[in-house]
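Both of the next two complexes hold chain A, though its partner changes from chain B to chain C.
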Partner chain A sequence: MSAEEISFIEKYDLLGCIQCGRCTGGCPVSMRTHLNVRRFMYDTQNEERLEELSERPEIWDCTTCYTCAARCPKGLEPLEVLIGLRSLQIEEGRIQPTVRDALESIFKDGNPWGSPRAKRLDWVGDLDVKVLEPEAEEVTDVLLFVCCTDAYDPRVMKVAQSLVKVLQAAGVDFGIIGEDESCCGSEVRRLGEEGLFEMCDEENVELLNSFNVNRIVTISPHCYNTLKKEYHGLRHPVLHYTELVAQLLEDGKLTLNKEIGKVVTYHDPCFLGKQNSIYDEPRYIITRIPGVEFREFDRCRERSLCCEGGGGKMWVESESKAERLAEIRVTDAKEMGAEVIAVACPFCLLTLEDATKVRGIEEEMRVADILELLAEAL
Partner chain B sequence: MNGKPKIGVYVCHCGTNIAGTVNVEEVRDFAASLPDVVVARNYSYMCSDPGQALITEDIKNYGLNRVVVASCSPRMHEPTFRKTLESGGLNPFYLEMANIREQCSWVHEDPIAATEKAKRLLEAAVVKARNLEALEQKEVDVEPSCLIIGGGIAGIQAALDIADAGFKVYLVEKSPTIGGHMAQLDKTFPTLDCSACILTPKMVDVANHPNIELMTYSQVEEITGYIGNFNVKVRKKARFVDMDKCTGCGDCAEACRLAGRIPNEFDEGIGMRGAIYLPFPQAVPAKYTIDKENCLFLAKGKCGETPKCQEVCQAGAINFEQQDEIVEFKVGTIIVATGYDVFDARKKPEYGYGIYDNVLTALEFERLVNASGPTGGKIVMLERGKKKKKKEEEAEAPKVPKSITFIQCVGSRDKSVGNEYCSRVCCMYTAKLAHLVKDKIPDCEVTIFYMDVRAFGKGFEEFYDRVRREGVRYIRGNPSEIFRRGDKLVVKAEDTLTATPLEHETDMVVLSVGLVPRSDNREIIDILKLSQSSDLFYLEAHPKLRPVDTASDGIFLAGVCQGPKDIPDAVAQAKGAASAAMIPMAKGKVKVEAQTSVVNEETCRGCGFCVELCPFTAIELVEVNRQGWPVKVARVNEALCKGCGACVAACLSGSIQQRSFKDNQLLPQIKVLGVK
Partner chain C sequence: MKDIFVLMEHRRGELRDISLEMLCGASQLGGNVVAVLLGSGVDSFAEKAAGYADKVLYVDDPMFENYNSEAYQKALSALIKEHQPGLVLIGNTAQGVDMAPALAVELGAPLVTDIIALEMEGDKPKPTRQFYGGKLNAHMTLKDAGMYILTVREATFQVGEPTKSGEIVKVENPVKEEITYRKFVEYVEPEVGEVDITQSTMLVGVGRGIREDKNLPIVEELAKVLGADLAASRAVVDAGWLPPDRQVGISGKTVKPKLYLAVGISGAFQHVTGMKGSELIVAINKDPDAPIFSIADYGIVDDLFKVVPKLTEKIKELKGA
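Here is the complex of A and B:
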């Protein structure tokens, strides 16, 4: 551990913990992995054991969904302790190859997917999208922060394309950063690479502040959370697209004409729901799509089940062979008679869609971002 | 006595509280060097008998006419030393205190700097003491009557004690009956006394007591005045039933078109009532009330041809023309016993309360196990919000749960909902409810999830031992979430003793909700200017030594409105509040503040700024004749003035001075403290 001003115990207020067990009780992966976050809250109080604890493989099972912190009666954030242990590993240079590649790719090309910066605009295709100039005289209403996954992943880029269509239909004045856009660093911080995250924070804040815009809109709840709550000195207000689109619908600026005659349910992304209390806007949007019959999961809103896509899990394979939470999720959706699981997060989209394939129900169960449904209903 | 000041200075060690940090000898020698100081002493405990004797002896021997005590806060011992001066034959207002404990030795570590500060504080007190004046403490008569707000067990007990002692009591209760939460409970822990059996006789005593005037369905609207002479205004809400005529027969309630269709507050919404109702059979007074929000005739202007209740009431007691009535009376003292709300479990959405029919609060469950409750004491699975079934299906008996799970600390010890405190009763009422389940359904699997069991009271630990041996399973771990799997509820938790995460399937979940300040507390706070502690319960005057008093003289606290407590503690506090309230009433007279404000009517411009500012409505504008011209000037009612000084600071023309804090007393003090 580097010579820090405050100790591990003080940093995470470990002595405030009363070992009540709500963190592990609520932890979505506690039943399928060896992770018991309450025990880490206790064991890390012995600083001599930190190195040994940081070598435990289960610290990489945490999805950083935040349930443990949301439930903690003492206002502590147990997940941060696990991130702190990951940092110790990274500082020691003990790092899994997949994680190392993702972090190097962010450092080099500004994205975790190992793709060159020059390909960052490929998703735009023949859509007509304004690329913003820094320090422009004219104000643009919305800066669209696209997210690496939306920009590079061939499946997820359809979501970004849908958002462009929706915003154009609503007459919103918006633009994107273009090739200079870099990863927000949400996953970087959660993988424990503190130094690289500080760089993302500084460089992105400087870049974003250079644009003459009224507000920033993100597609991914992970970017949203980081820009809104973890950056230092960002001048512009940050919105998630569901907030903007719900407002457009309410103001009558967006009209939906085509019927989507499907039974639709909605899966709350942890970074939108549990971490930012955005529950109503996505539902408001879905229930205004013509022909949609909306059904709630039993486990919804504050009790929603994590899909296991966050916390760097896209680059870390769990040792557990037990049923994935995303599989439980798609099975539940099928049992309630849903035909579409709507999501509002690129990771949820990928994990749930993958789960429908594992379960062999990809023909009968569609996983789609709310934006894709909206674009189809225009 | 008003000749040259002869000042005695006394420096207290307070054991090591002061002397451990401040060099008391040095402070004493410094005091002796100040002008007009004729004697300076230090002593281990000035407040002790021998300490006080030093002062009275010196008054005699040196002819002292001013005394300065350098010790603790005046809040602590000013009354003590004022009495010392009196017994030495000196006007008590010739005392000045220098606080060298709370404001010096307790908060500083460097002994040299602390000693220098103590000297400065002492010198400031000495220069102020030089110009102190004798004041006269007036007495006012005390009205021999008491207002009690709230008719739960605390209010009831206080009312009975005071009334039995021969004083008049006005007991004001907001709901249609007295009894409070205790009337809703089935058995009480740890003795398993039937709650209603021990409470209802007291309720009847209240109704029959010649010294108690009971006002139910009533609200305090306004209180003015001061200890001994409070003027109270109460709104008696219209019940639309003539209290003198109603016999309590209940024909009206049966006839009401809405009978069985409105959730009964007393049954926590599990049982139903009509628009005209008696909350429960033993209600006091045993008179019916029409709820005007729901009554078809009152809310919509039409209830069939004629309202059914009116049709069947043989006493002719129904009166739809009845209006709210305002009653005014005087009292000498006030006891606030407004009780509590239970924590709103919806604020913890992870437990699914309000979503799942069979996630209940403990108070709902209390009504479910209660023999006088809506199921006659049968514990059955609930189907909430379902309309009454058609007759043929009615035969289907409600299901009995095979497993019931309790979750403790819901809304207590929980920063995430803003309640950091322990509610003190939940561990035990949970054990009691678990026992009742085992008693009624022996093969029911009963599980209690807990984080700590706090069995601190008389007989509590023994009861906890007994309940465990009855087969109630205690699992250490506070659950995090509830969801549904098939027709079962799943409690997601960790058994922290074995570090096993688990999904516990059960039929019914009971949330052991904590006690919270009433949502309508603000009304009483505004009327009485009460303070709140950080937990938002009402604040007592001193946590150890004045636990039933408030900061306002003559106003006392009883029961859970001051903080969570069980029935015996609430009763004990009520008895304490009753006896405290009876002290001024028994004396018949009470001293009022002497350090009041006084207006110079020659220079007052009558702007009225002070009138608006005064928090005690002690100032009014009066017309006086100034050299043939009628002018308005401010005048202070000395009985109402509390000596807060707000008017003095605000007066635009400098026409108000406060006794003992006049310019010629304060300015020299400021000079000493401000200029080296």
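Here is the complex of A and C:
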């Protein structure tokens, strides 16, 4: 028994598993792929099988939504075992080209989208946004940490632009990092590239600590989760924008005047809901938008159905031909009479919007970030 | 100036483009260009090379029917020792990079691999190669040596019209001993799907704008008359209208064809990331605000069901003429 293999059992507390099967029972992707996470909890106890298990294609089907961990009566995190198996593959250099390109782009340019660092501020456009100086004497209230997807994807840029408009309307003193901003590494860690994640952790903590700010606000729940729970030594408190905006509304600093006049539902992002228990703030915001008729999904809050955008799945296609969970989600929304699916995550925005196209309902069903609705209601 | 040796590369009865590219590149440097051809019964290659070289050294021997690094290295090193060229150009191909480093070590010659540009300073080459995945170009300065070996990236030089008629000199195979360490066994074809869209020179990309799979034939017809292959957005693949190996995008394939004709593709970022490197992008979409137009070289804002059949007719007409 080698030291490395002992650590695999110990690292994930595999012997604590009682094989109850609640993990697989709740796993949203087990509906459409061969992934059986309970079996992996059992089989990985046999160190001689680790290599073979790491070669199974279904380990890449996991979206790291956290349902398995949330349901585990022993407090284990089965998804981490799958990430551990991915790491074994990555260490061996056995890696899909799409994943390789994303990781390389993060290493070289600080974003997974193969875009140059020099274009990181393109999303700002004509907006007047302060770029923070490190070690400034004057305190800025909020450092806005802009997700790579918000910075580079033209569709998602509108979300970041909306947040700027909302913060300006509420008179919040905020600034951004600028071109030096780099990927948080959330997807890096979940794709199993531990070394590169350590680099993201160290470099981003050093960079973020250099700014004289009261707090950090993220747009993406993935950045939020990583900054808040996975970084080491970050000295600023981290908020998701829904927390900040809900507070602004409650304090009367943000006034919404325009009627939206739509039936709106809300899709809980896994990294905001299941993983960080932020359920009420997004709903508080949506229900304060004038003219919104709010309807809940049947599967909402802790039971919310994953959109399959996390866990590195933006770069990995499943072998399964069964319908995507996002397609089920938009169909459910349509059946309950919603006209808008509000989201609070760039990946949810993209996967759900894509699903409306696949289902051919893109003209009747709008997918929008809460921030876009807010900016329209100002 | 000393002679420049250029190794002719051929495989399965075909002279590879890199061979003539290097001959044309070498001709711009000054100095006698000598094509070195190792083969078996490939007189036609010798004649072709003669059009671009001042001389062709042709070793005709069954030993060279298929590429074998051991045989090639022995033959080349013997020819180099005999003729004393100042520069040896070898393709930066699977064959070239297999042999060039060993040859350089054997001859004690400086080696620069994967060059993308070349100038001369007297007898000394000043090659350029890339670093950091093509972000930086490095101009290399070499130590003084009697002879230099460079491997040249494909498509570094353009092939022009043949302007020379070099003498074809058949030389005896300098390799007398048996080749024992390496043996050619067989060519193994990679398993590919029906079409590998990453290799296509022209692609017609289909998006959700075609509405239903029964409309696919009008786009297939366009692709057919163009001689292009069909590619698809993720939404089209998800809908099951085209197989996953046709998917272009961040989770599918990255393509760089000479022409990418985007039909009914709005241009979602994840799709654009997979095809923005195409040489020429033409988009047909009825929405003038579709993001695809921001990266397209040409765009047609109209209903694809009107445009595509007309375009197909027009191409048929032009091809018929």
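Going forward, the second predicted complex is superposed on the first by the 372 of 378 C-alpha atoms of A that agree within 3 Å, B and C clash if a C-alpha of one lies under 4 Å from a C-alpha of the other, contacts with A are read in each partner's own complex, and residues count from 1 in each chain.
Operating definition for what follows: a residue touches a chain if its C-beta (ideal position, glycine included) is under 8 Å from a C-beta of that chain, and two chains touch if they have at least 3 such contacts.
The model shown is predicted, which means the values in this text are computed figures rather than measured ones.
Colleague: Looking at the superposed three-chain arrangement on chain A, would you call chain B and chain C a clash or a fit?
Modeller: Verdict on chain A: chain B and chain C fit.
Colleague: By the touch definition at the top of the document, which applies to A:V131: first (chain B), second (chain C), both, or neither?
Modeller: It touches nothing on chain B or chain C.
Colleague: Quick one: is A:T98 in contact with chain B, with chain C, with both, or with neither? Answer first, second, both or neither.
Modeller: second
Colleague: Where does A:A322 make contact in the superposed view: on chain B (first), on chain C (second), on both, or on neither?
Modeller: Neither partner.
Colleague: Looking at the overlay, does A:R38 come into contact with chain B only (first), chain C only (second), both, or neither?
Modeller: It touches chain B, and chain C stays clear.
Colleague: Quick one: is A:I18 in contact with chain B, with chain C, with both, or with neither? Answer first, second, both or neither.
Modeller: A:I18 sits against chain B, while chain C stays out of touch.
Colleague: Who does A:E302 touch here: chain B (first), chain C (second), both, or neither?
Modeller: The first partner, chain B, only.
Colleague: Tell me the contact category for A:V139 with respect to chain B and chain C: first, second, both or neither.
Modeller: A:V139 sits against neither chain B nor chain C.
Colleague: To be precise, I mean the smallest distance between any C-alpha of chain B and any C-alpha of chain C in the superposed model; what is it in Å?
Modeller: Value for chain B versus chain C, nearest C-alpha atoms: 23 Å.
Colleague: Please output the residues of chain A touching chain C within their complex, sorted ascending.
Modeller: Residue list for chain A touching chain C: 97-98, 101-102, 104, 108, 113-114, 152-156, 313-317, 321, 324, 327, 350, 354-355, 357-358, 360, 362.
Colleague: Given the complex with chain B, which residues does chain A contribute to the contact?
Modeller: Within the complex, chain A contacts chain B at residues 18-27, 30-31, 36, 38-39, 67, 70-75, 298-299, 301-303.
Colleague: Can you tell me which positions in chain C touch chain A when the two form their complex?
Modeller: By the definition above, chain C touches chain A via 132-133, 135, 208, 211, 234-235, 238-240, 244, 247, 250-252, 254, 268-270, 273, 291, 294.
Colleague: Going by the contact rule at the top, pick out the chain B residues touching chain A in the complex.
Modeller: 349-350, 352, 409, 413-416, 451-452, 476-484, 492-496, 499, 501, 503
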